[in-house]
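To keep things clear, I will list the structure first and then write my remarks on it.
Chain lettering (A, B, C and D) follows the sequence in which the chains are written, and residue indices restart at 1 in each chain.
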């Protein structure tokens, strides 16, 4: 049974969907971050798989940069989260309504 | 055959772990499942021959990122059960499933595949890490440097944000006021240190 | 000779501009004298041109281009030929007299200078009208006289009735002008030129329906200016203007422009006798229609205006029957005695402090001998009694109708001639004879200035002797117009008809004298006669003005209001605002989407993603389907 | 300098406007008048240099902007645009000279100078993108003028004006882009040059769609019924100077664009849509004339009369023959002069009485005789009295359309009747009768400044009415080339029949004669 690119892409898609569900479902900001990490990782699998099956390193490069971005995102995001927590004492998404239109 | 077994095994594990991450109400479970999922993903990278990426995945995600989250959780004290108000869980699942189906449909449909052509072919003669290094420091040098700067900025931003008083602006304050605030700050820090 | 043409044409314009320079300053006698002098110059030039034309020449100049685009070429071209020179003479004579007369008549008016400016401008327009060598030039004059008529009817602009009448005249003329414009368009697109000579040379080659349409539209144009039914109501109302204006514009010149147009366009109307017959029938109808309204009217000027209308009907009968030279002849004679009549009426008005009701006058012949003589003679001329001008011209029309075998028209005209004599002398009798009823109103009448009477004298002479020009006139104009002689060949019939007409007319005169010469009281609307249906019908002008008011003015006003308030604001604009509001309301309603709640935003984000994905799939599937089919 | 005169004409006012910011506010007026006068004399010089016998574009300048997509700064003029440009510079000068506004004069003058740039730019542009840019830019100064110096409802009016016209222009932009794309498909090159588009023959169904897209933009600008409702608000709220420029120049952009774009690019579509548009034009003429008659505000009367006259212009344009189009272009200028003057005149009385309601006046002829005279002359010009400027245009427009449809022309011709009705009754209400209101008894007649602005307009009105040749001849030459182009491009039988063939006309005429 040959594992084809499609298998990886389907897996990537499924993981992405899980991440999406998490994004929508979570109200706790920290948990929300977890869900975004899942999204990023789902794409990473896709990139790596395409890179492999097409014999091209570009995909891996992208995955690499995505990891770098994810890392900085966590750093900045957590920093902001701390600031928010200091001001309000909560990290619940529902109280963040200052962007009301 | 081996590859297939490994793929299905890790796929099942990854999906399971991430599902726990998303669904559990225990923050600690979520964190742990997440870390496990990350490691399982690195397994795919190894299967796909992207050794360097796999290593990075383990180091950066499981090592750095997860550790950060762990610290964060301790700081926020979210170790206990979270109470989250949910609206329309069905809609959420519907949307997720719909998105997944569409993405999968797009990805497996053989439209794009025909036109792809390797621009930076993997050279079988050199190892994965070496090949990555060669491309990273030639073609992707500028993005690499930018990424480095970005990480630096992110680091500084993280420190500043975590340490800054959001309601006060030092640039707008008079000298004496800054002195007064810093005095209060030190005394507070001292008290907290006692606790 | 060209220099005389230019002098004749532009001297009035110079006079007008000169007077306009003093428009805002208080009265100066200078303007009146200069304007009159310049008009006299124009008269002299016209006379020289007449002399030149009598010798068998014509003058044709092209001053410069007016409009030239595509194939259209309209120059400022002027022609002095046998027809236009007659008109020029009529216009300049009457207007010179009226100018001089006005110096006295407008003596006490604040707008003295302004008046002369308008009056001379009118003469200029009229000269353009008659001298132009193309239809567009004619239209310039046509509109120009309309404008001046508007200015002059509304000269006393503080009077509501005067300004109303001015606007009515202008707008009614505009209706006819539109038809005239359409007639010009038809001519242009079928012939490619508007020059008279080209048009008249080519007209016979056109298909019959087109010639008919040209004839009809040009005649509708003429109907407006000449106040033919149903566009006649403005003429009586136009009497709101100063009396010299009525004399010049609404009796002698402008209103006859329609007749001039038909005469000028005789090659067109010669080809369409059916339209000609219609014109003649309408003319006959207007003749009797207007005369009947004059019978009972109690406004001196309106009576004369209706008589003008009636005489215009006569002219159209002649023109419609193809007797163009007769029409033009009657036009000329009529101009002289009708202007005289109006000027006399002006004297009476002055004497009576603008009282217009002849029933409030009476016995004025004692104080106003000169005016009395002039008006009586003018009325005699109007009634067509031998040997005055009216006899020659009006009798010719009757003869023409008889010879052409249009006996109904003939009978109508004959009867109208009797009516004419009756109402003319009713007026004369009421004003100058009988008891001095004006004393009841405490008025002290006085005769007008001497020089005014002197100024009127040329008209008096012409009203008496114009008939004697008939032969030389005939020789002159038949160079251009069809030379049809209308003679009843049977001498017996001829004499019977002529003498019969004369007797009938004289009988009418005597009847009028008998009934009105010893009138003693001022009717107050209670007598039996005044309450009978016929009287009311006639004195209300057959209720036509009222009908127009109800049928056109009011609905138009109402419709305009609806168009604005209901359609424009409530439908058109409301639709636009509705669309804007719809968008705005959509924003209002959906802005809760932007409630700032991050978790709902995230959900929207996912929905957006799903939508994009669906689109992507749909497009690719669709694209594939198309390419597959293409393959 | 001669070869760059158009660029100078376009950008000199903008440059002057920017320099205007550093001018002291007390001398702003003098500065504005000087700049506008220089600009006006430059445009007169342009006329002097213009060769009236040539029908094509003159003073062309070209500089690449986006070479890859064939977008160039391409300007040039022919007889059609020349006089509208002169009209623009003239009215800017007159407008600034007669300013009576006291609030923020300097800003107003700067805005006007910017507006002048956009106006000249629109009429000189030969590249669709450049045209579009100037077209849209012209909205902004006008938006300011109405919004900042307008009446009590100015915000509503200015936003309505902006959004309405802007929406239309966007549809037009889509049309332009598609046109360029089609050009690319047909020739393999991108081009936005109108002159190159002229050479392209489009299939009929494409023409219909593109015509419709352009039509939306132009029709709202004109404004054609039923897109006209922004105009009364804009006029009602705008200050005098705004109304003058709006009526005299900005509306002409729409009709000018019909002549420049719609006709030569889509001759078949123009013939196809001729009668629907003629019906709209007739509704404009008659219906808005009726609406004008019902107005109580003298400025609204003039505003609606503008719409009514624009109907005649549209009708002349879609006559599709030399007489009609020349007439309509001439009428654009005529209507610019006359309606501009009428708005100035309304401004005169508004300055004195601060009301525009006709019921507040009455008997002004005896109080302000000079004012009444000038108003009367302009009113008569508006009514279409021969020997005034309007008559030439109206006569030719109607004459032209008569060739296409007799009945329509007859109905449209009622313009001369209904026009007389509302104008005369408005004049009567304002000037005739006795002075009933005490406020009106001591009104001052027009002063020297106002005369300075009005007398040239009167002179032009009569001069071009008596002797239109200097203007009509270049217009007619250029129009002939457009009509010939349309005939050559026409594909459908109907279009070929309706658009005259000037080149072979001589031959045809002689043929007719032999028959």
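Things worth noting here:
Going forward, a residue touches a chain if its C-beta (ideal position, glycine included) is under 8 Å from a C-beta of that chain, and two chains touch if they have at least 3 such contacts.
Please read all numbers here as calculations on a predicted model, not as lab measurements.
Looking at which of A-C and B-C shares more C-beta pairs in contact, the answer is the pair A-C.
Remark: the per-chain Cα centre closest to the mean position of all protein Cα atoms belongs to D.
The centroid of the Cα atoms in subunit A and the matching centroid in subunit D are 59 Å apart. For the pair subunit A and subunit C, the distance between C-alpha centroids works out to 91 Å. Each chain gets a centre from the mean of its Cα atoms; for subunit B and subunit C, those two points are 96 Å apart.
Between the Cα centres of subunit C and subunit D there is a gap of 35 Å. Among all residues of subunit B, those that touch two or more other chains are 92, 95-96, 99, 103. Within subunit A, the positions touching two or more other chains are listed as 20, 24, 26-27, 94. Of all possible chain pairs, those that touch are A-B, A-C, B-C, C-D. If you check the complex, the residues on subunit C that touch subunit B are 603, 606-607, 609-610, 613-614, 616-617, 620, 624. Residues of subunit B that touch subunit C in their complex: 91-92, 95-96, 98-99, 102-103, 105-106, 109, 111. By the touch criterion given at the top, residues 591, 593-599, 601-603, 606, 609 of subunit C touch subunit A in their complex.
Against subunit C, in their complex, subunit D makes its touches with residues 160, 163-164, 225-230, 287, 290-291, 293-295, 321-323, 326-327, 363, 365-366, 369-370, 373, 380, 385-387, 391-392, 395-396, 398-399, 402-403, 406, 409-410, 413-414, 416-417, 420-421, 424-425, 428, 431-434, 466-469, 472-473, 475-476, 479-480, 505, 509. Residues of subunit A that touch subunit B in their complex: 1-3, 5-22, 24-28, 30-31, 33-35, 37-38, 41, 44-46, 48-52, 54-58, 60-61, 63-65, 67-76, 78-83, 85-87, 91, 94.
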